[in-house]
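Multiple structures are listed underneath, in structure tokens.
Below, chain A partners chain B and then partners chain C, in two separate complexes.
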Partner chain A sequence: MREKTATHLGRRTVLAASAGALAMPFVARAQANPLKIGIQSIFSGPIALLGASSKGAIQPEIDRINATGGLLGRQIQPIYRDSKGQPQEAARVARELVNTDGCEILLNAEASSGAYAVQEVVRDLGVLCIHTTAEASSLTADPKLRAPTAFRSARQGVHDAIVGGSYSAKVAVAKKLTKWATCSPDYSFGRDTTAQFGEFLKHFAPDIEITSQSWPKMGQPDFTEVVTKILQAKPQALYSAMFAGDLSAFINQGNAYALFSAMQVFVPAMGDLPVLTTIKNMPAGIHSAARYLPTFPDTPVNAAWYEANRKFNNNDYPTNWSWECSTAARFMEAAVKKAGSTNGKAAAAALEGLTIDSPFSTTGKITMRAEDHTMIGYAIGWGTTVPKEPFVTGIEPGDWGQITELETEWKKKNGYI
Partner chain B sequence: MIDLDALLECVTTTSCLVTQTTSGLIVGMLLFLVAAGLTLIFGVLKIVNFAHGTFYMLGAYLAYTVFAITGSYILSVLAGGLGMAFFGIVFERFLIRRVYGANVLMQLLICYATVLICDDLVKIIWGPDFYAMGMPPEFQVPPLFIAGGVVPPFYLVLISVALVIGGGLAMVLGLTKIGKIIRAAAHNPDMVSALGINTTLLYSLVFAVGGMLAGIAGGLAAPVRSLTPGMGFSILIESFIVTVIGGMGSIGGALIAAVMLGLIRSFGTIGFPLFTEGLMYIAMIIILVLKPSGLFGKEIV
Partner chain C sequence: MGRMHIWRDIAIGCLVVAVLAAIPSLLPSKAFQDFVIRCASMALFATSLNMLVGYTGLSSFGHGMFFGLGTYSFALLMQKTGMSLLTAFLLTLLITAMTATAVGAICIRLRLIYFAFVTLAMQMLLHSVIISWVGLTGGDQGLQGGIPRRTFAGVDLSNQYNLYVFSAVMLVVGLLLMRHIVNTTFGTSLRMIRDNETRAAFLGIIVWRVKLTVFVLSAVFASVGGMVMSLFVSGAYPELINWPISGDAIFAIVMGGVGSFLGPTVGTMILLLLNDVVTRQTEYYGLALGLIILGFALGLRRGVLDFITERLGGRPAGGIS
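Entry: the complex of A and B
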């Protein structure tokens, strides 16, 4: 028996074993020196979905990179931290991730308020940081706020406002909707988004008049008085920047008053799967942006990503934040590979102007614009809701030529250029 | 910021008056159910139950789950109420009872810890996503038009149910023996105990009733409101305003204050669109300046 075993140790086996033994120090070094990446988000409280869906999109990307040998030969070790949605905590967590935990890169899945705070820490520490979910335009558009090694892989508010304004104006002209009302959450995101939408809506359809505005508090338990106020104003169209649970409550309470059959309604955040699948009696014909849909862009790669993401997340639906986070991880991977280093300055230089293949673009490509460190070329469009899958139909894609042109004008107007 | 013309036009137009009044009533009556439990617990036990919003949240989640299983709205509301009555007993028996008469800070810590633990438990059991029960099929009907005003039938039912519960509570407290014992315990617990009445059981009962009211409110509101971990916080703040305005410990005061707050919201949003929340606090300040113990609170000598 022993003799038989000895004869099986042939030349190839010995060579393979030797090669493995020679490679051992490198493997051991890679395992001993993992690449730590800090990922901070809101993992607790009413917006915990932000953290859950961000992690649910970044982790599969890290698993994929690690399974194929890691990044620069080092296994990625993600460190997740909860900022609880507080800007001062977000700044503290960012500093701790780098200084104490030894993270070399930050993927910052904070809301806009937290992202501004993290950006100042990044300016100080000089590490590569990608804001994955902050949509407030000034974060990267304002040169005074922009940081040399900070980038944004999220939608930008002004892009949505241009496409939303263009689409809504077209509907308004066709249906002769001149009297509009707005209803948005009473904080910076709601006010900025509504103002930008109104600006571009009037740019495309100057006859439009906004006759009634409501500003409910975010997370307030009941919006009934806002629904009835809108009914009293008798507008022909309504725009709302509400989102997530507040939007769901607003839709349910509006349904009770038949609000959605009394006017045309435009809600950018409606086209997100958790909203579309949660609202039980969803009215048809609401105009919405396609935040994330497996059917927009209607490509095999997008459908495959959707299926894989649901499988990873116990069949939960991906959110708009999911594709943004997935994109951030892919940008990080491509930039570090191109730079051959995780050094903030070198990786940032590599990321500027970098174009990657992406399932989340109608052209299959997304670019990190060099001059203002924000992402362009992603799928952006508006359509109308239907109560069943695919939930949003007739999606009209935005024209990136027009978006860039009007964005430049908007930047000049705001003194950003 | 101020649109007095719109407000004047609204109060002089029947359709607007009807729509906004019913809108104020529905907001107010659901708030009353939560605040009634809060004020009852304070009245008898002198405990400020900062975890009361959690009862509302858990009631709503429980109702949502029962509705998803049975499809019965009535069963789901009952489950929310009974479930929270049980939770109220457990909360009183194992946590709050240990800090009766202790520093208010200690009570606050116990309540806050309960809020955090329950919010996390909700996240673990139901997930961080928000939920919507959706309108039960029997209420999926077009709104009624009364004197030109728009009134959803479902809201009429909610207002009626809340009124019946409030009336029933007032009757039990005012006319029955147990009600008299509860009122006596609120006034002088030592004397009630000396008379051989089991105050331990009584306190559990009070927490059960308080929890049940909040649970019912959560269940009733579930078809039109969103369910999120932490949803109890905002309703807790408004319930405190109601309790303070109405007078700590006064059920009648809570009813008046809750309806008042609902109407301030519904008419305030037309006349003072950017200051509706502020109006509620101004109302509270004015009432506290004029009557520091609240509308129906007892003056402390």
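Entry: the complex of A and C
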């Protein structure tokens, strides 16, 4: 038997080498043919945090995919564009990303109004699109608005309303809170969210009465008038759909009038780290949804994602938008792998009903529901604030069985089913 | 303007449409088609505003209300009724004309800054109605759900190339009509009112009637621009009727040239190119655009087309002195 030497070339080696040599042009072409992903958001103006935290969550996912060989053997090349928060510009940018830059997939991190505009472009162009931050329920719930290749990896307003209504009603019954006031931003999101919350609150606790409603303007610098109106109404409980900078300002100004010790307060958007960390004297005992918290779900994978995200973003806190964007990138990855293609129809078919492992779920799994292209199974719950980390404690997770049941009723009521 | 000039303009217009229609076969860039569609929409809007600003001396700060009204009326008619695109198009023109008559009747008796402010107030009022009437307009989320039945004379406008050609035709026809209007004796009356309103009145021109007529006509052309935009974005959004959209048209006029008929079209092209190029490079779009406009204002001291016309020894057609 001939002894193998280091220089000997066997038949198999020669065949493998030949195959490798033949494959080289294809490998080179794959490397030279990156998979372009269009990511549009608001990168300028007062809501620039949306763009910054979206990019700060999507980019690490893309880096991870690229480091492990890319998607379908192609390196992902993200292209970020600013829509300036204008719907018509969002539509233009979406067209430009696909038509000019050659993006094969869109991750749309626009606010709701921009998302509706992009939805129509996606309907025309037929590319795979995942809305990462738009929470307005009708975007996917209304069959007339739904687009065949568009999905949502964000919370849905009606889900929050059901869980918020259920939790708040439980507190209201226990503490006999029947007289309520609301204070929400004066635009569609604020009014719709408040109406939905009120609807589900009364569903669970029919005795509740809303006696005072305030609608401050977005970006209003002084909330004195609103705070005094609430105090004069003497409600036992207050609900507010305010968020981000407006919410921080409202809490800081309300503190001066001891507003939060005069009544039970329910604010779904409190449980977001950028808000929690910018309030000077965080009142204890405010009831809030857990928008994103490293302690909910309290799992090692969520804690690891939190640490990695902060490290990537120069120690900035991740937002609610961050986990939604991260989830969008993971859904995109899984769908394209499953379909073996970036083709809009094929990838959409693969994404329908797809379940992925996720750090942002109490069960460790998130599903893209097939019938209405929206995400379910994500971590959703309410707790109460404390002035120091972890900021929100005693979080009660929502029951997805109950959410789905009431959501179906809500859809029937609105003519969506 | 003689008949020869009219036919010459029509021939040039047909040539422009033919060239634009042929370009995609040589340069298959969908981005270029998108650019032309947006340009057609904004150029119609800016040129219609220049009929007031450049030719009549009426500085309207609220002309965007008619652009937005065109967008919303057309989109709503298409969505909420079963009417055809042509019927919705014509009905939108009628709605805009009626609204402009009512608004104009209040505004045109005012002069200078008062006229500007009242038109701005009217636009803000209409914007507030759009925002508040959530059930009809979708409020600040905009009119969602897209525009159905986008078929015009058997041509499917949901096809991008068809919409591109349609927009080019709308632009050329709109510009030809506006050019014809400002070159008739009616146009001469406009310039006379702009230069000396009292003298025009003494010469027998019924000033308010001429002003109201041009106000309504310019509103109608602005609404055509709005309808093209509505087809492009397949919907209607409050940003399209908010006051900054009027500012965009004024920027386009200032950058292109208030005294040249095609100045607003050139200004629109510059403005959109700047938007597209600068937005790709930086999120500090406003800062970059502000510096560029400052450069235009301090460097050229007039719009591009006015500057070129004067350099070539001519006098801007609008006759701004």
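By definition in this document, the second predicted complex is superposed on the first by the 391 of 417 C-alpha atoms of A that agree within 3 Å, B and C clash if a C-alpha of one lies under 4 Å from a C-alpha of the other, contacts with A are read in each partner's own complex, and residues count from 1 in each chain.
One rule holds for everything that comes next: contacts are C-beta pairs under 8 Å (C-beta built on N, C-alpha and C of every residue); 3 or more make two chains touch, one makes a residue touch a chain.
Values in this document were obtained by computation on a predicted structure and should not be read as measured data.
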| item | value |
| --- | --- |
| Touching partner for A:Ser44 - first (chain B), second (chain C), both, neither | both |
| Contacts of A:Arg81 with chain B and chain C, given as first, second, both or neither | second |
| Which of chain B and chain C A:Ser112 touches, first, second, both or neither | second |
| Partner chain(s) touched by A:Lys144 [first = chain B, second = chain C, both, neither] | second |
| Contacts of A:Pro274 with chain B and chain C, given as first, second, both or neither | first |
| Partner chain(s) touched by A:Thr228 [first = chain B, second = chain C, both, neither] | first |
| Touching partner for A:Arg92 - first (chain B), second (chain C), both, neither | second |
| Chain B versus chain C as contact partner of A:Tyr187, first or second or both or neither | second |
| Doubly contacted residues of chain A, that is, touched by chain B and again by chain C | 44, 48, 51 |
| Chain B residues within the chain A interface of the complex | 10, 15-16, 19-20, 23-24, 26-27, 30, 119-120, 123, 127-135, 140, 142-143, 150, 152, 154-155, 221, 223-231, 233-235, 238, 265-266, 268-270, 273-274, 276-277 |
| Contact set on chain C toward chain A in their complex | 29-31, 34, 38, 131, 134, 138-142, 144-146, 158, 160, 229, 232-235, 237, 239-240, 276, 279-280, 283-286 |
| Chain B partner contacts - residues on chain A that touch it in the complex | 44-46, 48-49, 51-52, 186, 213-215, 217, 219-222, 224-229, 231-232, 244-246, 248-249, 252-253, 255-258, 274, 278-281, 316 |
| Chain A residues within the chain C interface of the complex | 43-44, 48, 51, 81-82, 84, 86-88, 91-93, 95-96, 99-100, 112-113, 116-117, 119-121, 123-124, 136, 138-139, 142, 144-145, 187-189, 191 |
